[in-house]
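There's a structure below that I have some questions on.
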Amino acid sequence: MIALAIALPALSAALLLSLGRRTNIWGPYLSIAASTSAFLVGLWQFLLMTNRPTEERASITTIYEWLVVPGTNFKINFGLQLDQLSVSFVLLITFVGTLIHIYSLGYMSHDENKRRFFAYLNLFVAAMLLLVLADNYLLLYVGWEGVGLASYLLIGFWQHKPSAAVAAKKAFVANRVGDFGLSLAIMMMFIIFGSVSFIDVNASVSGSPSWVPLTIGLLLLLAACGKSAQFPLQSWLLDAMEGPTPVSALIHAATMVTAGVYLIVRSASIFNASTFAQNTVIVIGVISLLMGAVIGAAKDDIKKSLAGSTMSQIGYMVLAAGLGPIGYVFAILHLITHGFFKAVMFLGAGSVMHATNDNVDMRRFGGLSKSMIFTTITFFIGYLAIIGIPPFAGFYSKDHIIEAALSHSWAAGIAALFGAGLTAFYMTRMVVMTFFSKPRWEEKVHPHESPISMTLPMIILSIGAATIGIGLTQNNVFEHWLEPVTGFSEPHPPLPILTITYITLGVVALGVIIGISLNRKIPKVAPTKVTLFTTAARNDLYGDLLNETLLMRPGMKLSKFLTIFDRGVIDGFYSGLGLITGSISSRLRRSETGFVRSYALSIVLGTAILVLAILVVRL
Amino acid sequence: MKLFPNVSLGAFGIDPWWVTLIKVLAVFVILVLMTLLAIWAERRIVARMQMRIGPNRVGPFGILQGLMDGVKLALKEDVIPFTVDRAVYILAPIISATTAFMTFAVIPFGPEVSFFGVITPLQLTDFPVSVLYVLAIASVGIYGIVLAGWSSGSTYALLGGLRSSAQMVSYEIAMGLSFVAVFLYAGSMSTSQIVAAQERTWYILLLLPSFLIYVISMVGETNRAPFDLPEAEGELVGGFHTEYSSLKFALFFLAEYINMVTVSALATTLFLGGWRAPFPISLIPGVNEGWVPLIWFFSKIAVFLFVFIWIRGTLPRFRYDQFMNLGWKILIPTSLAWITIVAITRGLRNSLDLPTGQTVALLGVPLIAVALTLFIRDWRKANAEEALEENQILVTEIDPFAGGHPIPPLPGQVLVEQTSSRQGITNG
Amino acid sequence: MSPNAYLVLSGIIFSIGALGVLLRRNAIVAFMSIELMLNAANLAFVTSARVWGNLDGQAAAFFVMVVAAAEVVVGLAIIVTIFRTRNSASVDEASLLRW
Amino acid sequence: MFQNLMPLVESANAVSFEPVVFWITGSLSVLGAVGMLVSKKAVHSALWVALTMINLAILYVLQSAPFLGVTQVVVYTGAVMMLFLFVLMIVGVDASDSLIETIKGQRMLAIFAGLILVVSLVLLLSNSFYVQTNGLETADLEYGGNIQGIAALLFSKYVLIFELTSALLITAAVGAMVLAHKERAVPRKTQAQMAKELFSSGNYKGPLPSPGVYARHNSVDTPALLPDGSVSQISIPGPIIARGAAKTINQKDIDEVQSISEGRGIIDKEVEDQ
């Protein structure tokens, strides 16, 4: 049944891509219908699940036996695991996905390749659902690559722009680095555990020597870093903003980039078994969360700024996931709330771009609240949610993460707290620069509200962003919901919880105030006389440089060496083989005289010898 | 599953050696005599048809003329041209004559008779595949002609040989196919069994199409007029035996006449009830017993021989391509269709126990209907084509620019005045 | 009479046929040799049928004949075509397909 | 040849005619095979093969396979070998092969291989593979005879093969036609067209009119007159014209020709002369 949720979008994508231009008219609607029905299927499954007692909620459906190696007991099923964790994802993906489909209808209405766009969106939904529903790592890997492909296609959707094409390539390559880790991890599981299904791996990880979960965990972390744009593989995310904004909202904010967090949470047993791996996760999370916030604060491009924010928020999730049982639930909770508020803000940004002739420079915005009332309100709700003002969603998730971090270590806690302040700062900066302050747009720009198909998803998402946090944390309902899958233990922070909350709110307020006060006067062009730190932040904190020096140059050197090695030694060996074969052949082929009778002679000789042999044996 | 009763050829192969020897001699003598008579008859009858008298000097009515001709041929100088392939050249007429004699071994002359106290059938021998044997020997007989043509080293002879063998091979197919219906009805390929199976009804009545095809192909098979193309003297001089003379030529001559007798005898055996008396006479008791049937048998052969001669005196020679067309495009397809019908009829009768009459009605009516519709359709088509040809002189006018793109007129069409359409173009 | 005599005869004729293929250059004669080999095989079939006391061997021989006929038809057509283009029926001259 | 065998065939197992026939026909068939091998002319080879095949047919009949025996003659001798002869005559009537070997070592190796084959086959096959002969009497009687037995086999057990073979045959026939077919670039000329071409070239191909036709003198130097009275230039041999010896025509002749062609008859010579 749940397979339908995957099959429908996949089928729709296949139809739209294979039938081509003739589906131009009805294609987008089919696509929306597929996505909606996937959501309905997910919802129904969810309702069915809630009606069952806790122990019976998880289920695995084997569609068919996928890979069977005869003679061994190795076997991989094409199985779908529907449990509390995956169903949460299914709902998030399909719900936000459907809304963004609808949004795209308005946003992409003038694009002539709309049909292709929708096909890719469907492809993404199908792949993402496969990723979260897979019951083993290999099938997850299929979905993982599928979303990578969809992401690549969508970032490069406007391939005619060189920047978009390059960005797509960059995203693809950066993701490959992560995928390399995932594939190695899967191979290790296969070798060590003899199985790649979640259940078997969970069962056998506890009995294995300590280096096993450590290695696998680090490899999985590498994969998560690639997919979720965490340090040091973060640089592609900012460039990915070259894609259409709905894509940024859906893939590069709400869903795909969180796949890394899902992977870590799904592999909880592995990380639980290795403290070092867990600590690495925390470190990565902290670095990413601070880096993202700093980048977000320095960027003038609204989408890039939001991207930095995404990186930062995912840093929070990774941090939470690294905290172990006390953090998994909050990682997922933050993931969901983030899915809503970040989506609404991206959609808002898209709406703003729509209104200002696709401008993304915040220095050319300002005062848009007067002409775009819905956008402003929904964006503001998202803003309140992300900086963590109660009762908006972000407050509940982020506050819990900070508590959990504090209960793990002071360092992590304070970093998280600092990150919250930074978040407040750059978000305030963004809101002020965009919606308030004086209008700085160009002459020909006439800001206007977006059509209903765009505002409606924003409104729905903003309602979610406002209410979902309180809804999910009421009576610890989400903790209990996820507990059977991820496990949960109450964090015990060194300070009373209420105190922490107040401190957090204080830090946030400080960030807001700084943000407002620093942005009283906004120059139309970014000032050049700035501190070294700002320059670094504007340059993504030299993430690209880091990648270049750490990975690219040594990689190129290695490649060059390998090329020489390949040409000289390996090719030499095989060319030598070829030469030997060739020279033998050119001598042997002389026997092919072209005379039928010579060939017949060899046949008859053979027959004669055969008969002779029979004779000898009989005698 | 037994479709047919056990065939018993027990009467054959048990003769004492001297009976067999006498039979062999008898067959040989009869064939030679028949040849002599046939030659005489042919000359006399054709002469009569051409308002001449024919040979009338040697013996009463010139009846010994054939013998005299033979003696004359034997006494002539035997010329062997320089370019021949000697061995084959000599072998060829021998093959021709030998095979001609051999065929007759399986022809039944009559029922079982008392032969100096030995009860034996009036037939040299018989075996389950006698008729096939006839075909086999006939196909070997072609070698004589081909080899004669080849070994002569002369273009005329070669072409004649090739023609004649192509002709015989082609007509052998039609001939073989015409046998199939007989086999289906008789349930046997042995001549004596086939004659036995015709005790009540002769197959000429049941299988008339087969009979007609056989008669046509037997004329072709024996290279007789109007199918005597291999020796079409206007084109090929004497055909394959152009270079032969004296006794060798006599052998070919002999072979041709023996073959005539043989195919006639085979036709008699397969379609005319063999040695049985014709219908009203057959009611008289005793006519189908003892030595009497020899009369009927030889009368039937005589009738066939007369037909051979008659045709020769009447019909002009075919052109080669027409002749081949007749064989391949008419006789063989017709045979095939006919065999199919016969097979279905037999099959229905065997499996459903339908009497032949009902089967024929069951199959025949739709078949005739189909044939009629096809015929009417073709006839109409032909009429329509004829009308079309007549109407082709009708001139129609076409506007070359009607479709916006100029087109040339078809035959019989003329262009309308150009000015108006030109104007149309410029205005538009 | 022992059936082995027939088999030996079949073997001898088969060998002569094989030799014919090896020694004769005329394509048509080579072809005849192949027919000879097939005939030898047929003789063995017929003999075996008699030895085993069932007719399957004869049926097999029958099929061999039919297939041989088909083979001859096509083979000779090929020879004629080759003769038309190269004006020769020697198997040695059609030797372009070599190194 | 055949008919005298029948008694032997019918009781082949009982009467010891079989060895006699076998030794005669067997020797003949080997003779034919060897003859094929050594004949210079392909036609001779074909005849030798035909001899072998006929003898093999007799051996079939001898071994209770009368149907196969006859089929052998019809198919192999009558059709296959005849086809060979046809082709031989098409591709060169008097082509006689040189028996000198051109491939180095071929003959020696071939004979070597052939010897091994013959010797080992003979040793192998004479070494009693089959100890006893069951004979076909019971098998034949089961269906009522040899032909019926083969027919029953062909149309029951081997019916699929039978159908496949028929498909093969028809394919082969079509294939042969395609192979032997010569694509014509232009349609073949009819006899009438060829005649027209011949004469329309202006080069007169018919018999020349004899000199002196419609002329006063029946001699070579007198030109013939055509029915309309004009002079036919080709009626006098060229050398005579070249020598200037040709007679001229006077009006009287022309009138007379016209008179003849109009049916008024010859103008009385004597009257005219006077």
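Here the chain labels run A, B, C and D in written order, and each chain numbers its own residues starting at 1.
Going forward, contacts are C-beta pairs under 8 Å (C-beta built on N, C-alpha and C of every residue); 3 or more make two chains touch, one makes a residue touch a chain.
Here the structure is a predicted model, which is why all the values come from computation and not from measurement.
Colleague: What is the shortest path, in steps, from subunit A to subunit B when you may only step between chains that touch?
Modeller: Counted as steps through touching chains, the separation is 2.
Colleague: Is the number of contacting C-beta pairs greater for A-D or for C-D?
Modeller: C-D
Colleague: Going by CA means, which chain is nearest the middle of everything shown?
Modeller: C
Colleague: Which whole number of Å gives the spacing of the CA centres of subunit B and subunit C?
Modeller: So the centre of subunit B lies 32 Å away from the centre of subunit C.
Colleague: How many Å are there between the centre of subunit A and the centre of subunit D, using C-alpha atoms for each centre?
Modeller: The separation of the two C-alpha centroids amounts to 84 Å.
Colleague: Could you give the separation in Å between the centres of subunit C and subunit D, each centre being the mean of its C-alpha atoms?
Modeller: Result: the chain centres lie 22 Å from each other.
Colleague: With chain centres taken as the means of their Cα atoms, state the distance from subunit B to subunit D in Å.
Modeller: That gives a centre separation of 20 Å.
Colleague: Going through subunit A residue by residue, note those that touch at least 2 other chains and give them in order.
Modeller: 593, 595, 597, 601, 604, 607
Colleague: Send over the residues of subunit B in touch with two or more other chains.
Modeller: If we look for residues of subunit B contacting two or more partner chains, we find none.
Colleague: Among all residues of subunit C, which ones touch two or more of the remaining chains?
Modeller: Residues 18, 22-23, 25, 92 of subunit C each touch two or more of the other chains.
Colleague: Once the touch criterion is applied, which pairs of chains come out as touching?
Modeller: Every pair of chains in contact is listed here: A-C, A-D, B-D, C-D.
Colleague: Quick one: in the complex, what on subunit D touches subunit C?
Modeller: That would be residues 16, 18-19, 22, 26, 29-30, 33-34, 36-37, 42, 45-46, 49, 52-53, 56, 59-60, 63-65, 67-68, 71-72, 75-76, 79-81, 83-84, 87-88, 90-92, 95, 97, 101-103, 106-107, 110-111, 113-114, 117-118, 121-122, 124-130, 132-136, 138-140, 146, 149-150, 153-154, 157-158, 161-162, 165, 168-169, 171-173, 175-177, 179-180, 182 of subunit D.
Colleague: In the complex formed with subunit A, which residues of subunit C make contact?
Modeller: Residues in contact with subunit A: 18, 21-23, 25, 30, 91-92, 94-99.
Colleague: Within their complex, state which residues of subunit D touch subunit B.
Modeller: Residues of subunit D touching subunit B: 1-4, 6-7, 9-11, 41, 43-44, 47, 50, 54, 57, 66-67, 70-71, 73-74, 77-79, 82, 85-86, 89, 93-94, 141, 143-148, 152.
Colleague: For subunit C, which residues are in contact with subunit D within the complex?
Modeller: Checking each residue of subunit C against subunit D gives 1-20, 22-26, 28-29, 31-33, 35-36, 39, 42-43, 46-56, 58-59, 61-63, 65-74, 76-81, 83-84, 89, 92.
Colleague: Can you list the residues on subunit A that touch subunit C in the complex?
Modeller: 589-590, 592-597, 600-601, 604, 607
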